[in-house]
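Worksheet for the structure shown next.
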Amino acid sequence: MTQRTANGIVLANLTKDYGTGQLAVDAISLDIAPGEFMTFLGPSGSGKTTTLNMIAGFEEVSSGSVLIADRDVSAQPAHERNLGMVFQSYALFPHLTVTQNIAFPLVERRVPKAEIAERVAEALRLVHLDEYGARYPRELSGGQQQRVALARAVVFRPRALLLDEPLGALDRKLRASLQLEIRALHRDLGLTCVFVTHDQEEALFLSDRIAVFNDGKIEQVGTPAELYDTPETLFVARFLGDSNVFPGRRDADGFVWGDEHWAAAPSGPDRGYLVVRPERLAVHDSLDSVPSGRNAVAATVTSRVFLGTHHRLDLRFPDGSGGTAVSPLGGGTELPSEGRGIAVSWDPDSQRVVA
Amino acid sequence: MTKTSHSTALLATAVAGVVAMTGCAAGGDEDVLVYASYGGAFQDAQASAWQEGFTKETGTTFENASPSDMAQIRAMVDAGRTTWDAVDTNAYFPNQFCGKYFEEIDLSGIDTSQFEEGSVSDCAVPAERFALLLVYNSETYADNPPTSLADFLDTDAFPGKRATTREVSTGLLESILVADGVDPDDLYPLDVDRAFAALDTIRDDTTFAENNGALQQLVSDEQADMALIVSARALTVARDGVPIEPVWGQTITTFNSLAIPKGSPNLERAQEFIAYATQPEQSAKFAELSGTSPANREAQPDYDDLAEKFNAFAGDERTETTQLDATWWSKNVSDVQNRFTTWLAG
Amino acid sequence: MSATSQISPVRGAQHTGGTATGPRAHGALLLVLPALTVIAIAFVFPLAQSVVRSFNDPTLGVQNYTALLHDGVTATVILRTLRVAALVTIVTLLLAYPYAYAMTKAGPTGRAIMLALTLLPFWTSLLARNFAWMLLLQDGGPVQQVSAFFGKDLVLLGTQTGVTIAMSQVLLPYMILPLYSSMQTIDPRLLTAARGLGARPLAAFLKVYLPLSRPGVVAGVLLVFVLSLGFYVTPALIGSPQQSLVAQLLSSRTRELVDFGGAGALGTVVLVIAMSILIVISRVGRGASTVSSAAAAPTSGGRRSRMGWGDRIPAILVGSILLAPALLVIPMSFSAGTTFQFPPDDLSLRWYESFFTSPRWQHALQNSITIGVLVMIVATTLGTAAAFALDRIHGRRVSGAINTALSLPLAVPNIVIAVSIYILFLRWGLSGTMLGFVLAHTVLAIPFVLVAVSATLSGYDRRLTQAGASLGATPFATFRRVTLPLILPGVLSGAVFAFVTSFDEVVVAIFLKSPRVTTLPALMYDSVTLEIDPTIGAASSIVIIATSIVVLIPQLIQIHRTRKRVAS
């Protein structure tokens, strides 16, 4: 399927004010490159869907602007923006067949009949639903309906594709298979995609870059690896993957947490949180067993859970706070049992200090 | 927004259409008189005796409405939209409300000497005299028929369903009082409380019909065994072959008048009509058809046998007639009617 | 049907996701303005005028109210009305409960029949049904003949007992529908669970089922009681003035005594009583379910336990009660005689001939149809626009208030509405005019349209509109291609409601009619009270059959469509 040049989307100080006192979207600026798969990730109420709706034109912009291919579309009505949209509830027209649904945007654009038939057939092939043209949406499963929605959203060669938690209504296995389909679609069509989700695994899997939303602001934008390995805020550290969090402050030599004094890189905030991923923790019998050059802390194992691919150890630190360590099978060390006092250590390079 | 303009257009069309239709319905035709009376055969007789001739002479046609109802007249005059030009109504309302709800009539075209002394008033010209007859179903009371007004109140000796209308101004209360034992000469001022007390004794056995037409139907349908019914209606029922007989002895009589509701758009024409309708020839014709007695003393109706049978004005040997006191009623008619309506609902 | 009181207002459609504020919300207010205006002019204003008049006609003060207290009649009549209303409510509850319960257990065909029996009288001429009762209860009628067989001479026409019986039958559907609607939501397995825990069937019913059906009971009781309070036609036709109910009192005060101030006072008193009862029972009932859902045809439940004879007998009994009067009218219409004797001695088509050739009847029929069509157009347009507006408006308080305002005509006793409109329209010169009828009937019809369309809209996914926009369709194109086809059934059913409401409306018509402009129901009323005209038999039969067809056609289409869908 030939594709027009994909368009980039720029958000400039985009704000949405519902007049409730708190801004739903607070001066967000973001540059989405043409052909990029950008995910808006965040908890409910973080403003990600509202931002998407402003891009689509379903919400009015309070201040700031939305630019598509360098043109300001903030005041343009939704039906003129030429953006494909996929909804969580599929939003297929129940009174039209699959073919009629997909043909809808083409009919609206007065595409000649023969060409419509051809392009609809092509779209159905793209989502592997070739024989389903004459069915009605209610006769299809959830996954099939979403694929029809996808076909409908791309058949008219939109400038970009917007997806609002499209897989939220599907069960785990279906979600996984559709994630693959979406990724394939993105690759084949080269479309700019903006994908909204609260599921961090999904975001990590699909995205070129992720924008993490919190309370109407973007906490951090980056590739999945960047966000995972080098989170810049506590929120991002916590939202993406698990973290062990030690609040404290810097001094001349490193990081102070309670009685502990750990090595830390000189740069970074004065007061903050030291975060370490669970998989970076090594388990020792006691602090004495910890080799030099590593930061360490004593801990008690509060529970030990077998999760198939690994063990998870829930820990309690001396100050009462909790943490997690994971221990893959095949690891040499003997696994501590519940209630055991142990020590965990990590390479200072694998820690981050965030504000 | 398209939806709004769509609906506005529709609404505008609808309103325009309705207004257009309403326009057709509105009247105000010079050559049509709206005449209100009591409907049925009674009004048909008036149309035949009075309206046909008038139309021939003047070209004015009639639209007949019914029933003639004081409340309706009050409502329309109060609202400033009088649609009736001439009405047949009891004599007392025009007297009580002369100038307020009724127009003063230009009597220059009427020879008032033809009418009984004091019956012509500023706002009304008498048209017909009639009686409130006590009739009974002769099949129900084959063995033991009622013979006097008192029998109407006697549910022990004469069990059965009674019926009357809700009008007080045609002699109902007087008939009840006489039935209760009051001497006809001592009727006025009416002891209304006593009349209600007497009515209370037959309250559960009596159907108070909404109007004369309904009463007539009750008697016709033989859903009533005894009735106090105006003579014209009794005659109609008898003419239909229903077995009813009149009870003589004491009979209360009254008369109706023609009047013009205040604000009628056709005042002059209506006056001409009233003058015409109350002339001897027309009066006589109506009397023959309806069984009433003409108010115009110079009218000479030629009754058929059946009409004669129900004629209360045949003479004292048949029955002693007592005419309603116009003065008393002219002052009290609306109060008493109100009281009756209220009493009935309780 | 002239008066229904659906008590709990329909909640505005829920919408997920953000809706635009600003211009779109203003557009929404614009949409609802026409409906609000009509309700304000032809309903709120007349009522307000009535109340005002009660305090200043003929002179300023509370004389009208003190007169009511002291005339010795009003108090009696009000108490009598309350008594009858209570009796009617109890009787209908006792009859409706087993019937509704049986309905939940019936199979799809059985349920469809039982529902049709419930809905049909609901939509067929009120006047025709009351006429049927007159035939049944009169001297020489079937009830008397049957009772004579047992040695008693029961003439119930003109008695309070007769009125109670007739009113119970007429109001029965209003008790069945809310009950059924609420019972449908009760999981029958709960009863099984109760019995599994050791409860005997009666105890299980009393302790589990009955309390769960409470919302339906409360809604039904509310509906029937308030309706009974203001009921006019049945007491007027079946009862006698000596046993007047408050509606007859109100009518006579207006039309016979022309005491507009007193009528205003009495109307205000009735209104206050009705509103108080509404509030009290609503509070007691704690969240009675919305009756509106009862008006829409329920989707097939599918859940059923077997229907035993304990269910069949009440079903058949009550079903016959629902159907009988209508059935009576039709053979009656073929009577050759001029009276209302039943069964007719001779058969003839003369009354049908009379109906179709009499200028009076044909005029009345034409008027009814014209007014009905106009009301249908106006009310459907205004009501649909209002439903859309309510769907869009963000603030729950605002939309709730507007909803209540538009639904008010359902909660106010019909006789009070009729009287206040009559008095005001007299002054405006609208009494006895087509415009007057259309205005008054539109006011009564709008709530029905609102209910029907709102119900459909609440099932409509707003995302579909957004989807249409995202696919490049202008707002109008989206409305035309997406929204309209999907809400059309609701709009059409609202239109049918509006037409039938107007076509069958009796009480307001009795007041607004004039010799020149009268409607079919008003003429039918006259032909039983004024000049007995047996043509009413033919008219009633025709109306019953015609409205039945009009109401059944959408149902049949629905069934046909379902069959087609299942087959494909």
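Worth pointing out:
All chains are identified by letter, namely A, B and C, in their written order; residue positions are counted from 1 within each chain.
Everything that follows uses one rule, which is that a contact is a pair of C-beta atoms (placed from the backbone, for glycine too) under 8 Å apart; a residue touches a chain by one contact, two chains touch by 3 or more.
All values derive from a computational prediction rather than experimental measurement.
The touch graph of these protein chains is an open line.
The greater number of contacting C-beta pairs, out of the two interfaces B-C and A-C, is seen for B-C. The distance from the centre of subunit A to the centre of subunit B, with each centre set as the mean of the Cα atoms, comes to 90 Å.
Averaging C-alpha coordinates per chain places the centre of subunit B 38 Å away from that of subunit C.
A separation of 55 Å divides the Cα centre of subunit A from that of subunit C. Multi-chain contact residues of subunit B (touching two or more other chains): none found. Under the contact definition stated at the top, the residues of subunit C that touch 2 or more other chains are 475. Only residues 27, 30-31, 34, 71-73, 76-77, 138-139, 158, 240-242, 244, 248-249, 252, 255-259, 339-340, 370, 374, 377-378, 381-382, 384-385, 388, 426-427, 429, 431-435, 438, 475-476, 479, 514-517, 529-532 of subunit C touch subunit B when the two sit together in their complex. Residues 18-19, 49-50, 53, 56-60, 77-80, 82-85, 87, 89, 91-95, 104-105, 108-109, 152-153, 156, 162 of subunit A are the ones touching subunit C in the complex. Interface residues of subunit C, counted against subunit A in their complex, comprise 17-18, 20-22, 461, 463-464, 466-475, 477-478, 481-482, 485-486.
Those residues of subunit B lying in contact with subunit C across their complex are 1-4, 7-8, 10-11, 14, 17-19, 21-22, 25-27, 39-40, 63-67, 71-72, 74-76, 78-81, 83, 161, 166, 203-204, 206-208, 210-211, 213-214, 217, 220-221, 223, 337-338, 341-346.
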